[in-house]
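Shared between the two complexes below is chain A, which has chain B as its partner in the first and chain C in the second.
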Partner chain A sequence: MDISHTIAHHILDHDLGVTLGSFHLPITAHTLTMLGVSIVLFVVAVLLSVRGKSLIARLLNTLGEEYVAFMRDGIVVPAVGKEGIAFLPYFCTLFLFILFSNLAGLIPQMKTITSNISVTGGLALCSGGLIVYAGIKTHGLWGFIKSFVPGGTPWWLIPLMFPLEVISLIIRVCVLAIRLFANMLSGHMVLLSLLLIIFIIGQMSKMAGVGAAFPAMGLEIFMTFLELLVAFLQAYVFTLLTSIYVGLVVHSH
Partner chain B sequence: MENLLNPDFGVMALTIVNFLLLVWLLHKFAWKGIIGALEKREKQIAQDKQAAAEARQEAQNIKEELDAKLKEISAEATAKMQEAVAAGNAQKEQILAESQRQAEHLLTQAKAQITAEKEKALQEVRKEIVSTALAAAVKIAQQQITEQTAAKAVDEVLQEVSKAGK
Partner chain C sequence: MALSPFSMQDHITITTLGLEFAMAVALGTGAGFWIDRKLGTTPWAMIGGLLLGFALAMYIVIKEANRLKKEENSAKDKK
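Our next item is the complex of A and B:
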């Protein structure tokens, strides 16, 4: 049994090989899951916003308002300030999109798209774009470029400081992608490895395999709950760090 | 497994497009409404709080005003009561003085009347004595009475006079 191959098969993306003429379309298992997650998220968010007089509609409205209020007062305003309210729709979408993507992996036959570096890279690039946009919007293009060099820096240090600060910004964006990718990937790898313990031991002795199933399943359930926690935590961390980075460029002076 | 760290730029581009489209759609169809409702509710709460604070301030002002008025009324009532007591006392004194004056006047009048009556009575007695004495003298002279009868007659006249004096 090739464990590495089995794990890779469950975690890696599978290209469905869709082409448009000679152009290869990136239609994969992960992009299809992402589309499904986006549709579900759109429906949920619209349900939260639709005004109604029934008890369920009012409950959903209250839930939506509480969520937005939490994002605004708990994450965006403390990190960015009042200027961040303009970016509130981005942060509200970001948190729920990552959360739904993380949770999708816990549903059988679904994929954890956030364990794909391309997906987390794409999200990090969006956040990087927001950081740059917020910086230019607040200080103007020249002001944003100047903000890479801290005030009071001696002129001869500027050629060193400027590239360092630019690289620092790029690294921050990369770290956003890698942190989410690594956390979600490792969680799923652990879940798969725990399941595979049963089959590895079962190959040696069927009775031992049955015996190993109980502790392995116990650990599996524990890890699933841990993954549930990690799904919320990583969505929160990604959103919080993005808002902090936006706050850093908005209040750079 | 090495494919794990090889980014698929097609998937990355699709992720960016998908996510930005989702941000735009949710902003248009969901977050705008929710944020609007939230801001409206917060504005309403702020207005209610402001109105409650104003009403409280107004109530406080009215209370202070009423307290001041009550104090003023109380002071006015006390002053009026003192004034009434003073007026009552003055009237009492006046009535007493008037009564005393009237009483003294009546007493003086009564005394004067008594004196006048007494004088009048004395005058009448004197007239009576004179007439009786004249009558007695006439009787004596007419009857040529003896010394004893004359004395007797004088005694009788004197007794009559004393009776009349009483």
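Our next item is the complex of A and C:
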């Protein structure tokens, strides 16, 4: 049994694309999962927003309103202030998309798309774009460029401070991507490794393998619940960090 | 409150500092390694990049610490 091959098969992306003549359509397991998550999110958003008189419709509406109120009062307004309400739709979408993407990995046969650096990199680039947009919208282009140099800096330090601050912003965006990617990838590798312990010990002795199955499965169940917590936590942290960075840019003066 | 004087936002930012530190050093070293390969100056650009990355990492940490100190002081003044 090739352990590394088994882990790679479950974690890495697979090309399921079709080739039409000389054109290759790169459909992969991750893009399919992302499409599925997007469709589910669209249906959920429609269900939450459509007004109705039935009890279920009213319950769903209340749930949607509570969610938006939580995002506004719990994350965006404390970090950004009243100016952040203009960006509330982005934060609401970001949180739900990351949460559903994380949770999709816990469903059998589905992939954790947030364990792919390209996906988290794309999300971080969107957040980076929002940070720059919020800065330009609040201070204007020249004001945003000036905000990279802290107030009271001597003129001869400006050529040094400006690149430092620009690189710090790039690092923040990179950190957003790496944090989510690393947490989701490591969680799934731990889950797989715990499961594979049974087969590794089973290769030495079948009885020992059966004996190892009980503690391994106990740990597996514990880790699955931990992954469920991490799915919520990482979606929250990504959204909160984005709102903090937007707040730092908006209140830079 | 147990998190006092820092808010939840501050705690999340503090936990990110370690990753930002590592990222700054890795970015500087990577840029130096790339310059070395392009110009054939191995290992000088990489060493320079490592030092610059480390300096940037320290700058990020000190700036964040100053910001948190200011927030702590303003929270104390409010009390």
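Keep this in mind: the second predicted complex is superposed on the first by the 243 of 253 C-alpha atoms of A that agree within 3 Å, B and C clash if a C-alpha of one lies under 4 Å from a C-alpha of the other, contacts with A are read in each partner's own complex, and residues count from 1 in each chain.
One rule holds in what follows: a residue touches a chain if its C-beta (ideal position, glycine included) is under 8 Å from a C-beta of that chain, and two chains touch if they have at least 3 such contacts.
Worth saying up front: this structure is predicted, and the values here are computed from it rather than measured.
When the two complexes are overlaid on their common chain A, residue A:L195 makes contact with neither chain B nor chain C. Legend: residue contacts after superposition of the two complexes on their common chain; A:I244 is shown touching chain C, with no touch to chain B.
Once the two complexes are laid over each other on the shared chain, residue contacts for A:S168 go to chain C alone; chain B is not touched.
Using the contact criterion defined above for the overlaid structures, shared-chain residue A:A45 touches chain B, although it does not reach chain C. Once the two structures are overlaid, the count of chain A residues touched is higher for B than for its counterpart among chain B and chain C.
Look at A:I145: by the touch rule set out above, it reaches neither chain B nor chain C.
In the superposition on chain A, A:M110 makes contact with neither chain B nor chain C.
Those residues of chain A that touch chain C in the complex are listed here as 78-79, 164, 167-168, 170-172, 174-175, 178-179, 237, 240-241, 244. By the touch criterion stated above, chain B contacts chain A in their complex at residues 1, 3-16, 18-20, 22-23, 25-27, 29-35, 37-38, 41. Residue ranges on chain A touching chain B, taken from their complex, read 4, 7-8, 11-13, 24-26, 28, 30-31, 34-35, 38, 41-42, 45-46, 48-51, 61, 64-65, 67-69, 88-90, 92-94, 97, 116-119, 121-123, 125-126, 185. Chain C contributes residues 7-9, 12-13, 16, 19-20, 23-24, 27, 56, 59-60, 63 to its touches with chain A in the complex.
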